[in-house]
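Two complexes follow with chain A in common, the first pairing it with chain B and the second with chain C.
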Partner chain A sequence: MSYILKPGQQVRTETSGMTCEVSKFLGGGGQGEVYAAVVGGKAVALKWYYPASATAEQRAALETLAAMGAPSPKFLWPSELASASSVSDYGYIMPLREARYRSIVDMMKRRIEPSFRALATAGLELAHSFLQLHARGLCYRDISFGNAFFDPHTGEVLICDNDNVTVDTRARGAVYGTPRFMAPEIVRGDAVPSAQTDLFSLSVLLFYMFMMHHPLEGKREAAIRCLDLPAMRKLYGTEPLFIFDPTDDANAPDATHQKNATIFWSIYPKFLRELFTKAFTEGLSDPQHGRVRESNWRAVMVRLRDSIIYCGHCKAENFYDADTLAATVSSRGQNAGACWSCKRQLSLPPRIRIARSEVMLNHDAHLFPHHVDDERRYDFGQALAEVTRHPTEPNVWGLKNLSRQTWSATTARGELKDVAPGRSVTLARGTRINFGRAEGEITF
Partner chain B sequence: MSMRPGGELATRPLHFIWMADCSGSMAVDGKIQSLNTAIKEAIPNMQTVADENPNAQVLVRAIKFSSGAQWHVSQPTEVADFKWDDLTAEGVTDMGRALSLVAEQLAIPPMTERALPPVLVLISDGQPTDDYASGLKAVMEQPWGRKAVRIAIAIGEDADTEVLQRFIGNPELKPLQANNPESLVKYIKWVSTAVLKSASSPASQTLDSATPGANVPIPVLPESASSSAADDVW
Partner chain C sequence: MPDDQFTTRRWRVVGHSVRGASHERAGTPNQDAIHWLPASSSDELPLVLALADGHGSAKSFRSETGARLAVETAAAVVRDFLKVQTESLSATKRMAEEWLPGALVRGWQEAVAAHLAAHPLSPDELDPPHASRHANAAAQIDSSNSLVAYGTTLLVAAVTESFILYLQLGDGEILNVSAGGEVSKPLPEDARLFANETTSLCSPDAWRDFRVCFQVVSHAPPSLILLSTDGYPNSFLNATGFLKVGSDILAAIRAGGLDAVNENIAAWLTESTRAGSGDDATLGLICAEDAQHDADASHTNEDTAGQNRNDAKTGDAFDGA
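Coming up: the complex of A and B.
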């Protein structure tokens, strides 16, 4: 097979003037080919454009992006251009993607099986990363399956193919997006990609990840014989209707062809379902003001992660849904419902309520600065607390202080105790813990 | 225990059918060997495209035509399992017979009601020797025939591009003229990757990538292969 560049071939980086030696071909796309390469002893990725894509506009866009720098290390961002006298056109250097990051296609084909926790982390990181990108006035233009990767064990994400990123609304770049991910107004030809249309694509990507299905592929899709361009234009452009639209069930999921949507939808808490509903009702009809913003997704992803509980029988991850529980309170307490996996009754672990958060205190739970310090929201770097088991009494669980500050705890009987760093406080109903900037209360 | 419930993302079948001319003239200047090589080279690329595509189940078949026509790979085969046995060249160019065979398979059943647009690739180096028009009519009478992405590759200067153009049925889309083994490899790779992708889960759309009049956006070729006589090495 003929590739543009060959192993051992050398090109030159344009800014630093270093030699870049091609190691091997990694993959081809619509615009060019990507190679593993070495610059100054360091392994990098080198993308080289096909002649049709190696335009002056693309070159100018890359120079701008390289000069701006990456919004965060989550972006495999162009660092500099590369060219060679022996080859026509040009390419650019970017960081190499580590093998532990897998494509979302692998998840769609069930070749990787992330936990719900990893999935919520991936959702959080995607929302956070695109917020950073948009905050710089940039527009990604092509959020889709192929452009985001994640570690199925941790949920850490990487965003690739950043060469189509443009300054929002200013540029009329070539890429209009990927069908199924494009905002309806782009499909209809009424708009060009912008940060607002990126928000729609992000919602679709998140829906795919959480529901293993497309939000607009309901009965209407099932009824289409040939899913070609005119059919797609109708489904995703001129007549889009959310499969779980609360006021119109004309496009509800089909029981034969669209099982995933129904299976997953019922597992998630109401607050997640409500945000998806907003994204694909108001978000369809009102592109300017109705779309779910990254900050909304970020908040909901953290809440979702904090809501995970484990089935006491089969250990499957389930979700604590305060909204639904409130409606099912009986004289014997709250009914946590049945496990999606083994169908047996779930029991709730102790929880802690701190300001806007409610965190399930599972055996492996941690609290982060995000939970206890309003000034440090979304800081999940260093854990400040973890659930531990009493060294001699296995039935007693506690919350261990991993921070450098002493907490003060007040038991339900009003006794005040200091919890020094390294010490733990027993998880008992009604115990209040003052973390310094915030106070939490243990509930059962 | 599975970490999460449910199954894979729902897919639709995408039928991809090679229709290869094996007439005697294909033996001249190693054309048939070049075609065999080009298709074998393209298979791994095709497998990669299918592997990266969560929306389609790609199923491949092949027909050969010379004196009469016959299925070369009769069963719709998952692209991961697709193997190419070399074709040999002998006889005349019964293209109409090949089109009729395809038409039979595009009827519902055996085709399913729900699918992605099929991709039909017609490769020929000469003039049809039978009634190609009735074969083409049979294809176009099938809804899946009309919806199919029809691509034609003309090998050498003697191919009947007018017939191939009629098969394509869209004046905006021309038969691909392969005058040397390199351009044949390039075109075969293009249909088995870019076109395949477009028919199922179209890649990033650009402003200039859509073909007017097509129900599937036919991507632009990465670069136009030279068709000058100087490159003619058949």
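Coming up: the complex of A and C.
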């Protein structure tokens, strides 16, 4: 197969007037081809449009986006246009995606198997990124798992294909993407893409990442032989029904072909399931008020990450589900339930409750400004505390102060201690720690 | 999508499947299959070609049928899918990548279930009285995993006016040959396929294992698309030897026409399985009609049409096993 551009071929960037030399073909899509290239000694990505997609409208949209700049470094944003006398049409320059970022499609195909922690981090970063995009009055229009990449080890995300982003409410042009990720009102033809419809697509993307399945593809989809437009319109537009709708099981997952969804659904805590249920019940019928907002997803993703516990037997990640456990409290304390993987009994690690957070103090746990300072919510940059093991007593665990501020700790007996930077406080039931702006209590 | 952006090309498909030399000796059937739509020679697009390689192992004792059901189902499912795609190329690409593999697997599983209902596994199949071929099969196959008896790979190429779609599950080769004779593989390699291991339509969640490529016909589309089950490429000493077949066949088509090449395919395959892998071998070709008399054949050494073709199939490229 020949490509539009060849290695070594040079094009010119239109704003800075620099030479851009093509290194190699990276991939092709429906609109054009993407190449690795070099501009001024720096590796970049160059997308070149097919003739059918190289429209004047697309060019104008790219110029606007390049002038606005990226909402955050998470977006592989068009920086400037490129053209050449030797080849028709045009392209644009954007940052090159590092190899450590993998497609969510790779996860669907099990080429990568991220931890739940990485997945929750990716969910948090996606919600946060789209919040930043929408806050600038922009609309992505085409959120789907083909456009989001993440590092399977850390959960850091990158969002690609930003050339279809438009100013919200100006999106009157072509509708991109597939009905599978579109809000039902777009599939029905009742609305055009907007920040509000992006919210629906974001919910589908998150559901897909966590359940490895589409939220509306249950028995009804499994029965479809030919997924033509009328079938898609019905499934995703006129009669959408959540596969876990609490009041209607007419579209429940097919036991043979769709069992993954059911398996994953049961692993997650109730608060996550409830938010997905809202997204695909109220969010289907009430686009204005029923949709789950980016900020809701962000809060739930942090809570999910803070809820991870490890099975003492097989080490698998599980979730502390306070809502469900509350119903199973016995005289001997909470029954943490069984590990989803090895089915053996889980035991809970010490936990710390700080304002709105409850964090599982696993052996690898960290606390961040987000947890202890209301004015620095979602700041996960520098850890302020970490769980450590006592140097001489391996059964004793502590919380080490990594901040520059001295904490004050009060034990269950009322003893008051200072915890200077670099020092640790023993994890003991009832100990309260004042971090300066917030106080936390250790529970078992 | 403005149709006038694309020049309508005419395409033809030919292909053959031959029983492997080792299967002839063992008296087992050809467990490969090939099927295309439209079945009769016609200019109608989409054109869909499907090949399958039934596993033929002791557990997959119905893989001859599994392969046949795979190619028939796949050709129909892909054709029906393509006929209803009217949206943008981006949308079609996504549906092809995200939805179609699942539909192919479901279609095959249902065809297998219907065949099983009409022809339940017999005691002889599960516990053959004499042969060792099905040894231990009874212990391994029951109603919960009867799909394994039909296990097969699947390769599909589909040509429309504006794009070419490739889907592959398991081993086998799909090659593109450009007008200049340059040979390339549209699909990425699958690291899980090594030695005799293959992914299969009968695997749990088989849809995840599909490799899919969506190729827009915009700049320089291939002149020849070649699909082969692994019995053919495995007859070559190395991958390079097989890649050369692509450019050699295009040269042969230009030298003698597609019909002449078609008449020779079965003989080439037979020769290669006898001297090479011993496995069933199947080759399908989708050829752009303009490629047959492409004026720009200067990139290709026309002499290769005869001599090199023979070298590639019968000469030092064979491992002689």
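General observations
Please note the rule applied: the second predicted complex is superposed on the first by the 441 of 444 C-alpha atoms of A that agree within 3 Å, B and C clash if a C-alpha of one lies under 4 Å from a C-alpha of the other, contacts with A are read in each partner's own complex, and residues count from 1 in each chain.
Keep in mind that, in the parts below, a residue touches a chain if its C-beta (ideal position, glycine included) is under 8 Å from a C-beta of that chain, and two chains touch if they have at least 3 such contacts.
Since we're looking at a predicted model, the values are computed, not measured.
Bringing the complexes onto one copy of chain A puts chain B in a clash with chain C. Look at A:Trp340: by the touch rule set out above, it reaches chain B but stays clear of chain C.
By the document's definition of touching, of the two partners only chain C reaches A:Tyr3; chain B does not. Contact with chain B, but none with chain C, is seen for A:Cys314 once the two complexes are overlaid on the shared chain. Shared-chain residue A:Pro51: touches chain B and chain C both. Of the two partner chains placed by the overlay, chain B and chain C both lie in contact with A:Leu229.
In the superposition on chain A, contact of A:Phe116 is made with chain B only, not with chain C.
Contacts of A:Met108 after superposition: both chain B and chain C are touched. Applying the stated contact rule after C-alpha superposition, one finds that A:His257 touches each of chain B and chain C.
A count of residues in chain A touched by chain B and by chain C gives the higher number to B.
Contact with chain B, but none with chain C, is seen for A:His213 once the two complexes are overlaid on the shared chain. Clashing C-alpha atoms between chain C and chain B turn up only in stretch 148-156, chosen from 148-156, 238-246 or 310-318, once the structures are aligned on chain A.
Across the superposed pair, chain B and chain C both touch chain A at residues 1-2, 28-31, 50-52, 105, 108-110, 144, 146, 174, 176-178, 180, 222, 225-229, 257, 260. Listed in rising order, the residues of chain A touching chain C in the complex are 1-4, 28-31, 50-52, 105, 108-110, 144, 146, 174, 176-178, 180, 222, 225-229, 256-257, 260. Interface of chain C with chain A (complex): residues 1-2, 5, 80-81, 84, 86-95, 97-99, 102-103, 105-107, 109, 176, 178, 182, 184, 186, 205, 208-209, 214-216, 218-222. Those residues of chain A whose C-beta lies close enough to touch chain B in the complex are 1-2, 27-31, 50-52, 103, 105, 108-110, 113-116, 119, 142, 144-146, 164, 174-180, 182, 208, 212-213, 217, 222, 224-230, 257-260, 263-264, 267, 314-317, 340-341. Within the complex, the chain B residues that touch chain A are 1-10, 12, 41, 44-45, 48, 52-55, 113-117, 143-144, 147, 182, 185-186, 189, 193-194, 201-208, 210, 214-217, 219-220, 222-223.
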